[in-house]
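Both of the next two complexes hold chain A, though its partner changes from chain B to chain C.
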Partner chain A sequence: MDRTAWVLNETELRAWLQDLIAGERTVVAPVAEDGVVVYRPLAAAGQAVLEPRGKARWSPKEFLFPRTEALYSYSFKGDAVAITDPPRPERPQVLFGVRSCDAAGLARLDEIFLSGRTDPLYAARREATTVVTAGCAAADPECFCTAVGGSPVGEEAADLQLVPLDGGWLLRVLSGKGEALVGEAAAGWSAPPAESGERVAALEREVAAQIGRNPVPQEWAKVLEGGFASPSWDRLAAHCLGCSICAYVCPSCSCFDMNHEANAWCGEQCRSWDACTFVPFTLHASGHNPRATRGGRYRQRVLHKFAFTAEGEAHFRCVGCGRCVALCPAGLDISQIVTAAAAAIQEEGADAAR
Partner chain B sequence: MSDLQTSAVRHAGAAAVPDGWQPQIVALVCNWCTYTGADMAGTTRLEYPATVRMVRFPCTGRMSPLMILRAFEQGADGVLVSGCHPGDCHYVQGNLVARRRFTIFRSLMDFLGIDLRRLHFAWVSAAEGHKWARVVKDVSAAVTAAGPLPRPPAADGWEGPALPAAEGDGPEEISAADAEALRDHLRRTAAELLESGRAGVVIGHRRGSLPGRLVPVMAATAAECRELEWGEGALNNLVTYAATALQRAEKAALVVKACELHALTGLIREGQVARERLLLVGLQCPGVRPEGALAAKCLGCSGAPHPACDLLLTPAGVSEGGSGAAAPAADTDDARDRQIAAIESLPAGERWLYWQRQFARCLRCYACRAVCPLCYCSTCVADKHRPQWVPTTIDARGNGVWNVVRAMHLAGRCTGCDECARVCPADIRLDLINRKLALEVERHFGAAGLEPGEKAALVDFRMEDPEEFIL
Partner chain C sequence: MQPAEAVPNLYHPNLMRIAGFADETPDVRTLKLQFADAGEARAFTGWRPGQFGQFTVFGAGESVFALANKPWHPNGGAEPPTIECTFRAIGKVTNALRALSTGQTVGFRGPYGNHFPLDDWRGKHLVYIGGGIGMAALRSAMLETLDRKAEFGEVLILNGARTVADMVYKEEMPSWQAVQGVRVVRCVDPGGEGEGWDGEVGLLPNVFEKLALDPADRIVVACGPPVMLHYLFLSLGKLGYRPEQVVTTLENKMKCGIGHCGRCYVGPFSVCRDGPVVTWAELNELPKDY
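On to the complex of A and B.
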């Protein structure tokens, strides 16, 4: 694609953001709420937290895959039952200032919800969404995007990309949707410095060097899957407490549960987030639970991030945002556990061969 | 047919109070007294407003705050709970236990900013048809004055109240040399415990993958003992791991801070762990720093190891403890109390906004439950679905119910370790809610009964418990 780019200072960026908010789109950006930075629809450009580094507490996936949504609602009147579809979510939205890892997470969700049988609600939201990413000028201690094939200035799933440069922002068009979002606004913006491409590459190297974790080799997908029965899972997950912080803050976790929320007269069939680390997640009606142990449940999480892939996919589902590492109450670190599990499994294999 | 609507429908409704609007009040009544009393009012042809829908229970003791919350969640404008007078309970003491529970629940709802005109309790006997009519009249008038239950407010962009900073002195600093000595004592002691067979596993802390952060470890080998660490990053309350460790070994040694010992007392009192299977290793504590700053619970703490521990580790050395001395009164002048007071000074509407916005962030990750040493139910009420009391929806329907129910289940049992608030990814001030409830329990029922032989305040009762709020 023909790449167009500009440099914007803080004032120009906020002015553009304000114009976007005034338009017919919902603009979602990181906002500080009671001291915690979360993605929220903006009422004013000033609310947005646009920093050269740092992440929102959790990913923006809820704007495509809501925590809870009604798939249909129903009501009874006498013997008659009325069933209503939810309105098609068509309102255009902009996800503004999302980090590259979060955008990559959206690409992972696309693989789940748009391949095979397309999820109509997700598809409608995705269609109406434009993604403006914000690259990182520094990595936080938990970040490891580069270890899983990502980049602090990655372009996956981005329609437009902001890159922090000299206290301002380089804005690059990466898709037709992005181009349309900029539209006429670019009239007053300045052209980027000639060497901006080189500068972005330098930034990428600089941030990558701050990330102290080794790349996870793609071959480990097979190793880990082959080690499904390894006793190491129980050991590695011994301290997991079985909450779901990891899944709910994760940009690429996509599991859900279905439940009726109803009274005697009307109700909704709701789809709500759920997580493989919860005991009831796989609990059968009979009372049998095929994932009866902590180790078995945590193994599912690791394998779904690093091993199980659809045919033709050659990347991990973990995008290395490090949120689960930073927020795990017991301090479990998925990147360390993957390394330890692969090592243990390879060792067991070698022992067996001897 | 009832005209109760789902909250979803109601919340989409008009904001203005429509002409001729009448409140919908759900009355939870006991079968033996109030239900019969209401029947008597009917057969006596007494007149009272048709605003109340009754739900019959065997006993007020069977009524849980959950049921009140669900009534509100389903769109009720007010709730009335009514049963036998104290001393008249068909099951002897059901209403006396309920009275304590509702006393605390009412305080909690007030703290969260619910208009108390919507929530009422009454004793109405089988013979008191007239009283029932009067109570319904009074309650209807109060709920009518409060108006329709407001839809969840949008607090977007609201700055929120400025809470005073939690200030105070923490424990004395431990010098680098002393810290090293302490760590060496810890590692050596742990190895000796394993070797001598006094413990099959040592629950302690080791270095994590993030700078400054220590993580829990159940050490079972000498090599693992050599990795034990101690310091400001030792955030986890390891009492949470006691039951897991005891599945692996007959005896477990547990590294505890003074502030965590109460949680263990709670577990012993509730029959969850046997004291004799645990060996408590108390260490001189430098205070913990979850996000750089000293945790609020550490302000005002000396950091000295608790004398009731079996082994006491200070930089000076290792000594045998095990004096039965009661825990130091940690409940005086808590730094969190000033923040609680600041919230209480807000108008009810603002308190409601303050808490509703926090509950709206709740992801229902249940990490608060997972880290809590006292949340040990094998199946949490939030995971039960026959019937399903807590909506699974991660929105206003489910979140408020979840957060309030958990707080109530910990009321009188929570020991203020603040683990739930530390791990909450949504930064919900669970610490303030728990602390507020602890204060209320103490105010109404005296010291919170945290000794091994005592009963937790909310499963206990006295005939003369206060009840000014009951009609």
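On to the complex of A and C.
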């Protein structure tokens, strides 16, 4: 019998989830809170919202990269300064029912926080995290994972993958961590149908066909970067309000601010989410701001997702979850803007060559 | 439960005592800092010229400054490390820093970033051009150059400021000039000269052009406000300097110092991690986002 894939019905899935909750790990899953689906640590398996489609309002990134956290705390009384480092992060956690796009977002965070000088707080959390993804049986209107190289059943950053099939779930082991999480629980589970691989592939094609947005070819990275000085950025960003909701809900945005929260004798060095679409993000103390215009700031957002990549990264930093599209108060759609920018840049190039 | 174990912390600063300071201008000060803890002083591995650090004022926050004195290297305890930084009191942290006095404690983490390739410049003539507080970012390399003067050709130091009152390192310029083969030129913007000013008057790029130096075998190292660098590069191009001969340091807003927080990017280039030292040729390859 295949030891790395099973089919679970709803009852078996919830029973396994309940066992996980009772164990040593914190289990984080989508939960409906006042009508909004958000990731929360579970107290009972029944709380989890495990549907074949749909996504939480926020990505689960805050369980690795919190919205705000103290990097150290200190007291300063006269000349006596005492610094206390934060405790080693939490016990092991399971991120359960994470959509493939959100899991891909975690891989993008890894590229930042685990590259060069590794961030130990992030690394400790990441090491202690097991990711159980839940593939999608249907796309939402804002979804465009397949347009940016992703898949509704993508395996990136997944230790275990659930795929909705026939009202139940196919469960596949994708890493050693995933295998450890299943452990003995698999004893009573059924083997998957012989054709499950083809069924998953068919599901992927079906969902991809529902995604209406144009694919963003990898070659556009160079086109967009070459079009840095294009006048089209100001026009395309004209409606941006600079509210930065796009960055806050983004599973791959990783920029942060560092500020001291302090009173007259003690304080904390805090790290908080920040966004390149805010005016003060790049404001120098002198008053000079390299990105003084809305177009310049929005361009940075687009280019950092689609053009500027570190060596060896052959993919976009946008994972196509579409949250920024659904929640932008000005109705900006990053996938359409990328297409429009690439077209404008290519046209300007053609004009110049004439 | 076991007591929680602390993790090694990238952001944990060393505690430093203010050993002294010098007021360069009404709003620019140079601090001398020494490690409060002897063990941390012993563990410190020094820095290369051009690198920078994050300085903490407890209760206010952190600010980035260049490490401005001659690079310190481990010397078996002969002389403890001293770190100098020159800053303008212009915001919350820098005003709080200026309010501190000798004996008080600040934080330091670093060094960060790349450095000036001084060894590659052996045998060449060097020009250091600092506009305003930009001189602070060059001072470490410049002082090391003076120390190792025999390895280099002619050295010209051009220290420019808006007004006489705004000129940094006034007190120590005579000691730079005293080194054989070194010429110091001071200049202020038109209208910035005062009674008895005996330096040059003019915009810094124009003053540099008038010096009419032969670009052959010469490296120009410049730091200053963006508008100064813009016009200086135009002048350098006109004088026949190749972009590979010109070196500057990018000074974007920085927070983390290690390429994670994302705010100092110039295109794919993270100033704190990949810079801050760049040649004009490298700068030409980057988008104009600085």
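Everything below uses one rule, namely that the second predicted complex is superposed on the first by the 348 of 354 C-alpha atoms of A that agree within 3 Å, B and C clash if a C-alpha of one lies under 4 Å from a C-alpha of the other, contacts with A are read in each partner's own complex, and residues count from 1 in each chain.
Definition applied: a residue touches a chain if its C-beta (ideal position, glycine included) is under 8 Å from a C-beta of that chain, and two chains touch if they have at least 3 such contacts.
Nothing here was measured: the structure is a model prediction, and the numbers come from that model.
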Superposition on chain A - do chain B and chain C clash or fit: fit
Chain B versus chain C as contact partner of A:259, first or second or both or neither: both
First (chain B), second (chain C), both or neither touched by A:171: neither
Partner chain(s) touched by A:141 [first = chain B, second = chain C, both, neither]: first
After the two structures are overlaid on chain A, angle v-u-w for chain B, chain A, chain C in degrees (C-alpha centres, nearest 10): 80
Touched partner set for A:303, first chain B, second chain C, both or neither: second
Partner chain in contact with A:327 - chain B first, chain C second, else both or neither: first
Which superposed partner A:239 touches (first chain B, second chain C, both, neither): first
First (chain B), second (chain C), both or neither touched by A:267: both
Contacts of A:228 with chain B and chain C, given as first, second, both or neither: second
Gap in Å between nearest CA atoms once chain C and chain B share a frame through chain A: 6
Interface residues of chain A shared between complexes with chain B and chain C: 257, 259, 262-265, 267
Interfacial residue positions of chain C with respect to chain A in the complex: 4-13, 15, 17, 56, 58-63, 88, 90-91, 94, 103-105, 107, 225-226, 251-253, 255-256, 258-268, 273, 287-290
Sites on chain A touched by chain B in the complex: 33-36, 38, 40-41, 43-44, 47, 57-58, 67-68, 73, 141-142, 238-239, 241-245, 247-249, 257, 259, 261-268, 270, 272-273, 275, 278-280, 325-327, 329-333, 335-336
For the chain A and chain C complex, residues of the former touching the latter: 71-72, 74, 76, 79, 81, 83-89, 112-113, 115-117, 119-121, 124, 225, 228-229, 254-260, 262-265, 267, 269, 274, 276, 281-286, 288, 290-291, 296, 300, 303-304, 308-310
Chain A contact footprint on chain B (complex, rising order): 1-2, 4-6, 8-9, 74, 156-157, 160, 208-211, 213-218, 236, 240-241, 244, 357-358, 361, 363-367, 369-371, 383, 385, 388, 391-395, 397-398, 419, 422-423, 425-427
